[in-house]
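Letters are used for the chains, namely A, B, C, D and E, taken in the order the chains are written, and counting of residues starts over at 1 for each.
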Amino acid sequence: MIRIEQLNQKYGGTQILWNLDLEIERGSCTCIMGRNGAGKTTLLKCLMGLLPASSGQILFEGRPIEGSAAQARAKMGIGYVPQGRDIFPLLTVEENLQIGLPARRDGLRRIPERIFELFPVLRDMLHRRGGDLSGGQQQQLAIGRALVIDPKVLILDEPNEGIQPNIVRQIGDVVMQLNAEDGLTVILVEQKLGFARRVGREFRLMQKGSVVAADKMANLDDGLIRQYLAV
Amino acid sequence: MKFLLHSLWLVAALLLPAGSPLAQTPPTAPAVGELLQQIPNASLKKTGELVQQLEQAGGAEMRPLFEAMLAGELYAVKESDKLVAVTKDRAGRLVGREIFNDRKLAAFASRDLKKIRVNNRLRSQLRDAIARIDLLHGSEEQQHAAVLSILDDLSSQNMRLLRSAETAGASAQVQEVIALADAMVQLRDSRVLEERLAAIEIMSGRLEAPVRNQLQRLLNDDGEQEVAVKAAAQKALDKIAGRVEFYGQMEQLFFGLSLGSVLLLAAIGLAITFGVMGVINMAHGEMIMLGAYTTYVIQQLMPGAIEYSLLLAVPAAFLVSGGVGVLIERGVIRHLQGRPLETLLATFGLSLILQQAVRSIFSPLNMQVVTPGWMSGSLVINPVFSLTYNRLYILLFALAVFAALVAILKKSSLGLNVRAVSQNRDMAKAMGVRTELVDAMTFGLGSGIAGVAGVALSQLTNVGPNLGQSYIIDSFMVVVFGGVGNLLGTLVGGFSLGVANKFLEPATGAVLANIIVLVCLILFIQKRPKGLFPQRGRAAE
Amino acid sequence: MNTLSALRSFGQWFAEFRQPGRGSSWLVGILLLVTLTMSAANLLLPADSPLYVSTYTITLMGKYLCFAMLAMAVDIIWGYCGILSLGHGAFFALGGYGMGMYLMRQIGDRGVYGNADLPDFMVFLNWQELPWFWFGMDQFWFAVLMALLVPGLLAFGFGWLAFRSRVTGVYLSIMTQALTYALMLAFFRNEMGFGGNNGLTDFKDILGFDLQADGTRVALLLATTLLLVLAFLSSRAIVQSRLGRVIVAVRDAEARARFLGYRTEHYKVWLFVYSALIAAVAGMLYVPQVGIINPGEFSPLNSIEVVVWVAVGGRGTLYGAIVGALLVNYAKTRFTALMPDAWLFALGALFVIVTVYLPRGLAGIFERFAVGMRREKHGEKSWRENSGQLSAGEVSA
Amino acid sequence: MRRDTTWPFLIPRRRMVDVSKDIILYLEDLNVSFDGFRALNNLNLYVNDGELRCLIGANGAGKTTLMDVITGKTRCDSGSAWFGQNIDLLAHDEAEIAQLGIGRKFQKPTVFEAHTVFHNLELSLRCGKGVWRALTARLSGSERDRIDEVLSIIGLESSRHQLAGALSHGQKQWLEIGMLLAAEPRLLLVDEPVAGMTAEEAERTAELLTSLAGKHTVIVVEHDMEFVRSIARTVTVLHQGSVLAEGTMDQVQNNRDVVEVYLGEGA
Amino acid sequence: AETIKVGVLHSLSGTMAISETTLKDTVLMMVDEQNRKGGLLGKKLEAVVVDPASDWPLFAEKARELLTKDKVDVIFGCWTSVSRKSVLPVIEELNGLMFYPVQYEGEESSKNVFYTGASPNQQAIPAVDYLMSDLEVERWVLAGTDYVYPRTTNKILEAYLESKGVAKEDILVNYTPFGHSDWQSIVSDIKKFGSAGKKTAVVSTINGDANVPFYKELANQGVSSEDIPVVAFSVGEEELSGIDTGPLVGHLAAWNYFQGIDSEANEYFVQQWKKFIGDEKRVTNDPMEATYIGFNMWAKAVEKAGTTNVDAVEQAMIGIEFPNLTGGVAKMNKNHHLSKPVFIGEIQDNGQFEVVWATDDVVAGDAWSDFLPGSKDLIADWTAPIKCGNYNTESKACSGQAK
């Protein structure tokens, strides 16, 4: 589904990603982990096209996409839930959801019911400003918003940061459901081991801008954790 | 020499075939021809006397002559000293027509014609003469106007005219004014107390200036002994003053709204480029200027259709300014993504360039934009209260533009996309929004609307290279006062600044009013640091 | 990995080097050198010597330096504290008027009407006596005091109101613009007693020295240079002190600074007053050199132009502001003579090109030059772009 | 309009908070509403001196708002807030409250992006915050040591000269905690400190906060239950702007209401 | 020098460009013409054009530049009084020579400046005389832009009107800022003021840009020239070219020149101008004639003096005569002001003026008004033995000249 080869990225002079390789299979649910500053967010932004890579290749369904703009990638079917949620604060919940409609490939111009089935709370909040929602509601909105464009791949960057436990659970359930039932490919950045273990089926470990380990989630052992996640 | 010409003309007139216009519609008295003959070579003073004699000799039939003279269309053919009315046609040719029967004549060359000079004094004389003619022969409206103008001069001769008009069967409206004139004469001439009091009763509350002036004179007149008359006059005058005061307030309100509509028009485009997009657009004024110049160009291109030129100018100005706006966005602003303060610098540079470009292309002089007939003059509600059409239309136009803009931003996906992009560009991209297109369209829209404002302003003020500069500061003030990013704020802001200014002006003068409004604005912002309609919620912090 | 750590340590060194204002002492040297040489060349060389510097050039230089000082004043609050003042011309002009009033009183009975008590413009508009606010202005010390006190108090009052109510961003900018606009309209009024549109002019001498004399002009230039250098040094001291860091902190995260215990409004007010005073001093030096002060100096467009100088030079670096002011004004002088019909095209294009291609102004090139480390430069740029996003929110919010 | 117009140099230096009754924070009947929405609803809360108190509650329960009220950011509609026996928090503004010794870490990490990590800490040091003081201030040796110490605690020694704007999200979290430490406040309000940290880092943060308790009073808001469990002595649960439950972790965890609105089944 | 340099100091950008650019072109045309005639003293003339950009301090700087860097022999320049005041000290310091071609408030006479525009007694006073005698005006609105020219002119007019027995309440004075564009209230006030039963006129010293909206508002509120005529001192053919003059027919202006005045010289001048500027529609106006006269007088004076030396030319200038474009002869007086005829014209719908009144003879420009208390005793005389610009006939001394 997604294949990243020899990706390098720099913020001006400082190189963040170093010859990074990554492969994501169709229908998988991959959890990317690594310490603070390892470059996870940077990787996802490169994937989404929000940051230019300085070299390397990104293949989406076999086609190179590193030249295309973020909006084009959205239309190809990459949905993005950024770290910190990035809700449009002054738009209503409904408007936040509507934004993505034109990017749908099937031409649907109404917010799909499915979203409200997954997140009933959004229906109640339809006419409130996104910025006024609480953190947990915003997170649900962010996921819902990404789903509006009917993505083939869903990218989630630390979706549980600052979210109350029962909603964390709920989000986990939704992600698993999407992955299992709708066959959505999921890429998830997560720090909390518990959640990662529960939701993810594969893992990739990052350190200093490179992927240093990749395997099934079941094989994530204490050794790896100590080596790459402990401080 | 003169005598010779004179006799020649006489001979010619006698010899003229029956088809000759003068022979066909001969002015009633033979003297008329002779008088007409003298006009081309008369001094201004002499012309005045001639006009007087013509009126007496020719009566109502002289109206076309007087009209042509008043309109400055009266010429003499140099060779023959024959009088003709000449106007320019669409192509700029001089076309003549016979004065008394409107028959078309061949086109003239300007060197063959001599203009009959008219001055101010002559013009008022002509106007009076026409009024007298109209009183008897004119339409109802003309009669009404004529009677009103006679109120100024209630000579016995004029009163006789009124009498005959009355007997000739004037409409009720005209009758009423004639009755007023009668009352004024009564008050002036009568010795009978009751009659005079009755006259004052009729005059009481009337808004016509001569009525007021007569009452005022009466009060100031030490020779007037009748206490009751003076008291009644005072009462009548007070009543008039009350009504005048009321209409004065109405007028001020209209002035204020009208000024507000100008501010609104000037600011509304900025409310988008600056308010929504966050570009400190110093070239906004120049977008207005481009709109005004577009109006000028349109009028140049279609000199025959001045009446419709504005209707065409509105979309044209939108396209021109909007197009330039899109170019600016694509060429410059786009490179300044995320550096909003720097847009100030670039757009300032652009405004200099645009100003100088206009100077180079059109010359530094003001261009003449013609006001179409339907926008000239005013809607007279009563003698002390009238609304000028241009201001009225501009007020309506401003509201229409505002409504259209709100509709676009609320109903189309552009509005939603613009707001999304301005709140979080990256996230909008990630949602598939074509941010570049949205930016260009939005800037184009804001600029285009500025251009449309330019069309309206061309009807009020100079169309010159400095047009834009005079509005840029006010525009920013209005947008900020209303609350950045809030269109309704711009509307309310514009109108309240306009009205405040106009209500202060009578007391303080234009300059001080402006200063006071500015100081109040500064103090107001201390109370509401985010303008009239601030963005609310925690997101705005 | 080795190169990485080398880069890192270089970055550390660079970050410390890049402390605002540091490493720009060269500017002081050049300024002093140039003006001293020019002065000597004007006074000591004969007029026909090829190296002779004309009084015209001296006066021009003096004017540029006044503008440079004004630009620096704007940069201190805009570049360092993020307060974009679109009305700093007001303080400049008030300082100028203070000096102008003094110079006006020095004319004494040498005016056209020979009235020792009243300036000419008052005589022909039938003023009977000197308005109260003109009293004492014939004393140099008092005039200077007033020329500092009035703009200082205005800045204090305005800043106190605005910063206390937390007026920020464009709201503040437009209010400063309203302030200078209101002052412009007020000073245009002849009733104000400042000569209306004509302003104050036809000065004869200052402190007893003939304003037309070369010596006086050179002295004025030197005084301007000296004060500019002083203002530069003191401003640099400020921005390099902890105060300077608090100010930058206020610019970037005012709420954070407040929760650390800083009364940010006090910092802003004092900085605003300081900046206004520098602007006033610039105005005071400007008037005797150009020979006129009129309400046009209050025009908002003038103030915007100052901001443009700063942006061209590179905001957030004191020397950038100075260089920007000198360059733009020199360009203006040259262009208006070389291509009087088309100079606005050139100047406008200059502004556009600088913004698009030199995001950090001339100082940006200079830094690239001086540091020679393109990578580091970019490193910072990317961060700046991010912070730009922040302020974009601030503008549109 | 602000009620006081006193210049900082006129304010008596650092008034000591009186905690003779062992309670450092009294919050009584607090009400805050935004456009008719009640964010805090008759809230009562007492915090003992030297305590480490955990504050949990659903998203939108009003935790951050509560901190806003304590630190002077948000004015409450009614109620009272006292710092110790003698200081009425409602009569002070943000800067004064900070100077009184209440430090705060924001939910969204906020640092001075144009400054280096080092200078961020320098600006946070506990010292005079007046304009004049700032102008004349020179870093003393002990202050420098203090900064170094904090740097090593937060693990950013190697980034000391990096601009804070270029730090990653998690690094900014640490830096902000470091800024709190440097300020040595009496009362620390810590809003979601471990969001975006690895379990390992969270553990370190827990250790750090526990070690601070005693000398300082700490109020922590966090959604990470594991983390809360590891540090908590007393836990207060907020719900819809008022206190829903208070007690030890165990008590709270077994409270039906809390489970229903917050923890969820099986947590 | 191989050429004689002529400095041109008129704003080509900024607010005044609208008026001043024309004068720059006029000077260039005159220079061309003179060169075609063989130049002066056997040398070609060379124009040095700079742009002071409507920025008053810049005027002073540019004047200094022209005199010291370009070493020009004469400057033609300035429009607004403030720009003239700004360059005056420079011109005097460097002993330059300047010709100022615009009507102004008077109260000045410098050794280094020749004033070829009208002073108030050559424009304002005759206009008021005309209104009073011919139109029997009894009530007066003095409307002006708030700056020194209107202020002074109106002061003079007030004194003059009062001396003619006009009551104070029959005079309404109103000032507006530069570029004022919202005239609704003021026109409405004028209407009210004029409806008191006495013939009312507006004497307008409204400056340039503010006129278009002013006249538009007058027309729209139905104030016609027969009801309340407006006589303007700053509205010429060029200003009218930017206005739709249809509704303005009959309003008045007072000048020393109108394009429409028939004379051979004028016809030639107008044709020459249209050809030079390449636009058949361009018009001429009074300040252009003043430039024309000034330029030709200077040329004559240079030939008379045989040098371009400022002192020599200055002395040679006095008494020089040159034909007006309107017929008759203009003469440079001892006070550096001209003697010129005064015309009152009525606006026509083609944007031209029709002369309705003219002085019988030329009027000598007065540097110091007789109607201002401060200056009624002052005269200017640049010939020996007085040789000063402000000689007090009472105290027999030149005030302010104690250098």
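As a convention for this text, a residue touches a chain if its C-beta (ideal position, glycine included) is under 8 Å from a C-beta of that chain, and two chains touch if they have at least 3 such contacts.
All of these numbers come straight from a predicted model, not from anything done at the bench.
Compared with subunit C, the chain whose C-alpha mean position is the greatest distance off is A. A comparison of C-alpha centroids places C closest to the centre of the full protein.
With centres defined as mean CA coordinates, subunit E is found 37 Å away from subunit C.
For the pair subunit B and subunit D, the distance between C-alpha centroids works out to 66 Å. Averaged C-alpha coordinates put the centre of subunit A at 50 Å from the centre of subunit C.
Averaging C-alpha coordinates per chain places the centre of subunit C 42 Å away from that of subunit D.
Counting only residues that touch two or more partner chains, subunit E has 12-13, 146, 175, 177. Residue positions of subunit A touching 2 or more other chains, listed in rising order: 11, 14, 132.
Among the residues of subunit B, those in touch with two or more other chains are 355-356, 423, 469, 511, 514, 535, 537-538, 540. For subunit C in complex with subunit E, the residues that touch the partner chain are 54-56, 59-60, 63, 107, 109-115, 121, 123-126, 185, 188-190, 196-199, 201-203, 212, 290-292, 294, 296, 333, 336-337, 340-341, 343-344. The part of subunit B that touches subunit A in the complex is made up of residues 413, 416-417, 419-420, 423-424, 426-435, 535, 537-540. Across the complex, subunit C is touched by residues 12-13, 49-53, 55-58, 60-62, 64-65, 68-69, 80-82, 85-86, 88-90, 93, 107-108, 146-148, 151-152, 155, 175, 177-178, 372-375, 378, 389-390, 392, 397, 399-403 of subunit E. Within the complex, the subunit A residues that touch subunit B are 48-50, 69-71, 74-75, 80, 82, 86, 88-91, 95, 98-100, 102-103, 129-132, 145, 149.
Taken together, the subunit C residues at the contact with subunit D in this complex read 8, 11-13, 15-16, 164, 238, 241-243, 245-246, 248-249, 251-253, 255-264, 266-267, 270, 379-380, 383, 386-387.
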